[in-house]
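The two complexes that follow have chain A in common; it is paired with chain B in the first and with chain C in the second.
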Partner chain A sequence: MPSANSELFRLPEAAVGILLILPAILLLLSLTLYPVLYGVWISFFNKHSFFPQQTFIGFDNYISLLRDPEFWASVWRGTVYALSTIALQIILGVAAALLLNEVFPGRNILRGIVIFPYVVPTVVAVIIWKWLLNSQFGLVNYLIEKAGLVDQPISFMGKDWIMVSLIIVSVWQFFPFVVIGVLARLQTIPDELYDAAKVDGGNAWQRFVYVTLPQLKSVLFVIVLLRSIWMFTKFDTPWLMIQGGGAETYIRTLPIYTYMRTFAYYEAGLGSAMAVVMFLALAGAAVLYFRIWRREENL
Partner chain B sequence: MNRSSGLLSPRGQVLMFAALALLAFTAFPFAWMASTALKPSREIFVTPPTLWPTHVTLDNLSRLFAETRFLTYFRNSLTVSFATVGLTLLVSVPAAYGLTRFRFHGRETVAGLILFTYMFAPIMIIIPFYVAMRFLGLANTHLGLILAYTAFCLPFSLWLLRTFFQSIPLEIEEAARIDGSRLQAVIHVVLPLALPGVVATGTFTFILAWNDYIFARVLLSADEMKTLPVGIADLYNASVVDWGMIMAAGVLVIAPVAAVFVFIQRFLVAGWGSGGVKG
Partner chain C sequence: MHMSRMVALATALTVGIAAPALAQDKLVRVWHTETEPQTIKAFNDLARRFEAKNPGIKIEAEGLAWTDLEGKIMASLAAGSPPELSHGQPITCTALQSKDLLNPLDEVVKAIGEDNIWEQVKRVCNVGGKQFGLVHAAGTSLLIYRKDMADKAGLKPPKTWNDFLANAKALTQSTKGDGKIDIYGITLPGDNLFINILMGELIKSNGGALFDKNNKPLFTDQKMIEVLEFWRELVKYAPPGWEGDGYLQTFQNLYGQKAAMMFQGYGRGAGLIEKFAPKEKANDKTFDVWSKPVGPSGKEPGVQVDEEPWMLFKDAKHQKEAIEFLKFFYQDDNYLEYVSTVPIHLFPITKSLRASPKYQNLEMIQRWKGWIEVQQGYLDKDQGKPTLVVDWSDMTEKPYLLEVLGSGIVRDMVMDVVLEKWEPKRAADKAQRRLEDLLRSKGYLKG
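Our next item is the complex of A and B:
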């Protein structure tokens, strides 16, 4: 070992650096970049998910996709799901971070507890809420009935409510991400800014709007970007919510539809085309988002 | 800003009320799961529901062990998660060190490329990944799953470790190299200083591998190969839901996450700042 290593360290600096990085680069290329490019490739084929046969069909997968009403319906459902959960996560996350930035007994413990829903497996988050929202024995139904809000139990997994239930679970699961980011930023805002605002006679709300919010702008920019990418492509939460209910078509978002096309209808080519469309749409939205942001900055 | 509001002041009361509401929203669902897991079957369905079980029982737990393959899933999850952590660190620690300590052409490109992979969600790479794994004969093996998780965790672990290595002053390393070889300096000086970063990265990787559903769902088909998230999802779907047993399973699945979480809580903010969490 020592001799081999002293040999290694006689190499030019740059070569050592590249050697150290090489395994990581090779793994990334073979296990991320290659699958992505291969996915683009098979999106031009009529390809079965299990069997090796494939026929080149050019853009046919993309054309049939754009003509498929269910594709557009799933895009719409996915957009409703993503936008509503992102908005609620941001509102709840910022509010919770502002609270956790204050001084009160038990604050540090609460900081830890709040993050917890974000680190448990999705399947656990989903079964907990399916039990809480159960139409016959669920605690939520018991409480709202007792409070006189409803006459009969709500079927939270039924077609009218499943999207709402999905949004509740998702916000609960993912708002801690916003809390972590915003709280980290809040701790770096200098107190002098608030003192100056107080001298100017600003109330709490004005201080939030004119002092805190501008300081949070850059961290919120990153949070909205990341949460958007992850909510538009979210698979496991809606998929696990669907299980064991009859209302699956009401939360069939684009990632769910992509999965079903590939692993229930065995159309790997079409499924890949959907994944490519998803990526292009997200990349385009990200570019647009950066442009708009930069223009805002200039104003 | 005056933050020393007394507990009994109106402001203090509002704060405490909001804190309790936040506590209830985040923690109560877990408490309810634990409470249900400890109730006998009869008590689970009574109206009005009992907040704390009147007869604490471990029936649900013993049913879980006796009637399902829970322990097999648990072992599979442990194997896959620890192997992923090992492989990810083995590859990303030298790479992150290389990225911060050596100048070479394209270094910044590599760093940018790592961030770019954030655009690829699992659902986008799972189809070609599955086809490729079948072709290589790695479908339905734990090795295939470990490789998938390593690929998925590599970008953020590189990014996270890179920031940790950047924070270690070069002078310390150079001083150590006067007395010995570079390798010795790395082992005795740099790695101990980077240890918190390595631990944090390993923990994030563990949680990601432990929690994943989609890769395990697609790549594994044999029941005895399944990891916990897939195994539990299938238990839930199997027949009439045995709520007590499912909740007991839920408690056991989050126990290791909770243990690890308490351990790394203070790293979380640092990790987030450099893009350490994903999902």
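Our next item is the complex of A and C:
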């Protein structure tokens, strides 16, 4: 029989629930919200990255970065990199998923192999590709020279090719993500839709355009959104591409420049301002993307 | 069992198990930049011997890549847990000393014997007569060239930059006779660190400076313009896409028969040549060194000395033990074991070891004597300085050189000229503005 005291301290069920999830909420907030808010806070300071030196300067960091030509150049490079890799990942990913959705011997093994680039650690992937693309000993140069496509080896890490090399490596690395999403959706499209299209005289291309693509729309929406966020903020692949030599200037995307400002110039305030701008730009793009999507859906 | 007894028992067990472990070892963490396997092994062997002689002290050594080092040091300082000892660029050492983060290593200097240390080395990170950084080993940059090819072409050692360009042109060849160039006159690195190193060297060789006494950048000075003009000419004889080459790739170009000269070579290259060049060419008859040439406004060559100092961090826990370890490290036999892993690059800082027959008779020293003599000449004539240090006073008066290096502004300027085909004056103007902004934001430049 409960005592009078325990009756007195009995909490409402909802309050107990809140109390139980409170530690998890606090943990999540301290690990996510606090760093973000702290980042926004220090973007208003002239702050050394490691030493306790800081002066409040209001919006000066934002003004100076908007006037910085290197900032705009890095935004441009980042946009070129992100848009081209996203487009190529989608094209290659959808094509591979369509192929892997067909029935043929060895399909399951091939499905496993296609996922391989996505599970290889980035550092390993970049080292392998840098070795393959080496201008002196690389397999790629050997093959294209042997095939008579070029007279001289191509310097894939030089000014003219480094962005292309980066895009190739990134597409190779991340297209399996598209394959997984699209293949999963393809397997749930009812055969009856294709049968009906066939009865109506639709050829393979028409079946793809009028049956498959509309069915893939929702999954492609999510994939494009996620891949856009990840490719615009991609740091490790371009960073590793320029380690130990490389025309860094030509693939200095916004995340790389943000890192440099923070950890090479030791300007944590300015680096944070750049990160805030990047966050706002992405959030804005995401909102716009959702609106356009909703309008399309209504149509 | 009652709850309070259980807690007491658990606490006693935890303390009982942990206490002896905690009391057992004083951990001395050491970060260094020698990543060649034989050097890591020698260093670890040395650490184990020290531990055997000094029970209760444990040495935890970690070899770090250059690109990771400065960031890791800074992060550890910010976190309040730096290692006891670390290598660093000389300019890192002075930057940290200026913020009062280092303790002097005078006790180690005393143990070695002040007169036993080369003068050049004592100038590195020496502030107010105190040695805040003590170089682990020193090696100068070298102009390495293909002697066999130069002899065949009748080339003479270049005295001036123009001589050097003429040699580079002559050594850019189509060896198969099909008109396709398959060996280039020069191999150059395109990464930020080495472009900064080369800039420091060239401006010294041209009698110029990077900053004046008031910290104003001197990038629009005529001497800098001449450096950029020289760079623009130089890359004409470099393999296409040279800007994508890092330090090791430039060695690859040299021993892989793709380039005939290497302006930013180092003694470490001798080992790489012995390991990777065709057997009949892996010697100093094929790969020799010239003294570096002088710019149109300069009087004597300038080279970079690769001489990372040991730094002892003020916030580290086991200062005394770290000092004892360094004393042990520099003892002749131990030190010999370390430097002999890359003997043409890791010049000992002690006169006693450098003069000792044990060192002199190392097989590799015998095989690459010419390379050693050229380095010795640079050091004796005080023509070698650390990265971006043009005058020794820069060491103490310009604690911002680390930020200049990290910013990549020098590299961008060079790339604007050699790749974007900007006029040197325009690129220099842009770099000048960027540097002034940088130094102003950090309070080093007024107005």
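Please note the rule applied: the second predicted complex is superposed on the first by the 275 of 299 C-alpha atoms of A that agree within 3 Å, B and C clash if a C-alpha of one lies under 4 Å from a C-alpha of the other, contacts with A are read in each partner's own complex, and residues count from 1 in each chain.
One rule holds in what follows: contacts are C-beta pairs under 8 Å (C-beta built on N, C-alpha and C of every residue); 3 or more make two chains touch, one makes a residue touch a chain.
Computed from a prediction, not measured in an experiment: that's the story for all the values here.
K.L.:
State whether A:243 touches chain B only (first), chain C only (second), both chains, or neither.
P.N.:
A:243: touches chain B and chain C.
K.L.:
A:263 in the overlay: touching chain B, chain C, both, or neither? Say first, second, both or neither.
P.N.:
So A:263 meets both chain B and chain C here.
K.L.:
Regarding the shared-chain residue A:99, is it in contact with chain B (first), chain C (second), both, or neither?
P.N.:
Touch partner of A:99: chain B, not chain C.
K.L.:
Considering only the touch criterion stated at the top, classify A:38 as touching first (chain B), second (chain C), both, or neither.
P.N.:
A:38: touches chain B, not chain C.
K.L.:
Applying the document's definition of touching, compare chain B and chain C: which contacts more of chain A?
P.N.:
B
K.L.:
Quick one: classify A:66 as touching chain B (first), chain C (second), both or neither.
P.N.:
A:66 sits against neither chain B nor chain C.
K.L.:
Scan A:162 for contacts with chain B and chain C and give back first, second, both or neither.
P.N.:
A:162 sits against chain C, while chain B stays out of touch.
K.L.:
Where does A:275 make contact in the superposed view: on chain B (first), on chain C (second), on both, or on neither?
P.N.:
In the superposed model, A:275 contacts chain B only, not chain C.
K.L.:
Identify the overlap between the chain B-contacting and the chain C-contacting residues of chain A.
P.N.:
49-50, 137, 243-244, 263
K.L.:
In their shared complex, at which residues does chain C touch chain A?
P.N.:
On the chain C side, the touching residues are 67, 71, 74-75, 77-78, 99, 180, 189-192, 239-249, 252-253, 256, 258, 403, 406-408, 411-412, 415, 419, 437-438, 441.
K.L.:
Mind listing the chain A positions that touch chain B in their complex?
P.N.:
On the chain A side, the touching residues are 5-6, 9, 13-14, 16-21, 23-25, 27-28, 31-32, 34-36, 38-39, 42, 47, 49-50, 96, 99-100, 102-107, 110, 112-124, 127-129, 131-132, 137, 139, 142, 146, 172, 176-177, 180-181, 183-184, 191, 194-195, 198, 226, 229-230, 233, 235-236, 239-240, 243-244, 255, 258-259, 262-263, 268, 271-272, 275, 278-279, 282-283, 286.
K.L.:
Would you pull the chain B residues touching chain A in the complex into a rising list?
P.N.:
Touch residues, chain B against chain A: 1, 3-5, 7, 12, 15-16, 18-19, 22-23, 25-27, 29-30, 32-33, 36, 44-45, 47-49, 91-92, 94-95, 97-99, 101-105, 107, 110, 113-114, 117-132, 134, 147-148, 150-152, 154-155, 158, 181-183, 207, 210-211, 213-214, 218, 228-229, 232-233, 236-237, 241, 243, 246-247, 250, 253-254, 257-258, 261-262, 265, 268-269, 272-273, 277-279.
K.L.:
For a test of understanding, state which residues of chain A touch chain C in their complex under the given definition.
P.N.:
46, 49-51, 64, 70, 135-137, 151-152, 154-162, 242-249, 260, 263-267
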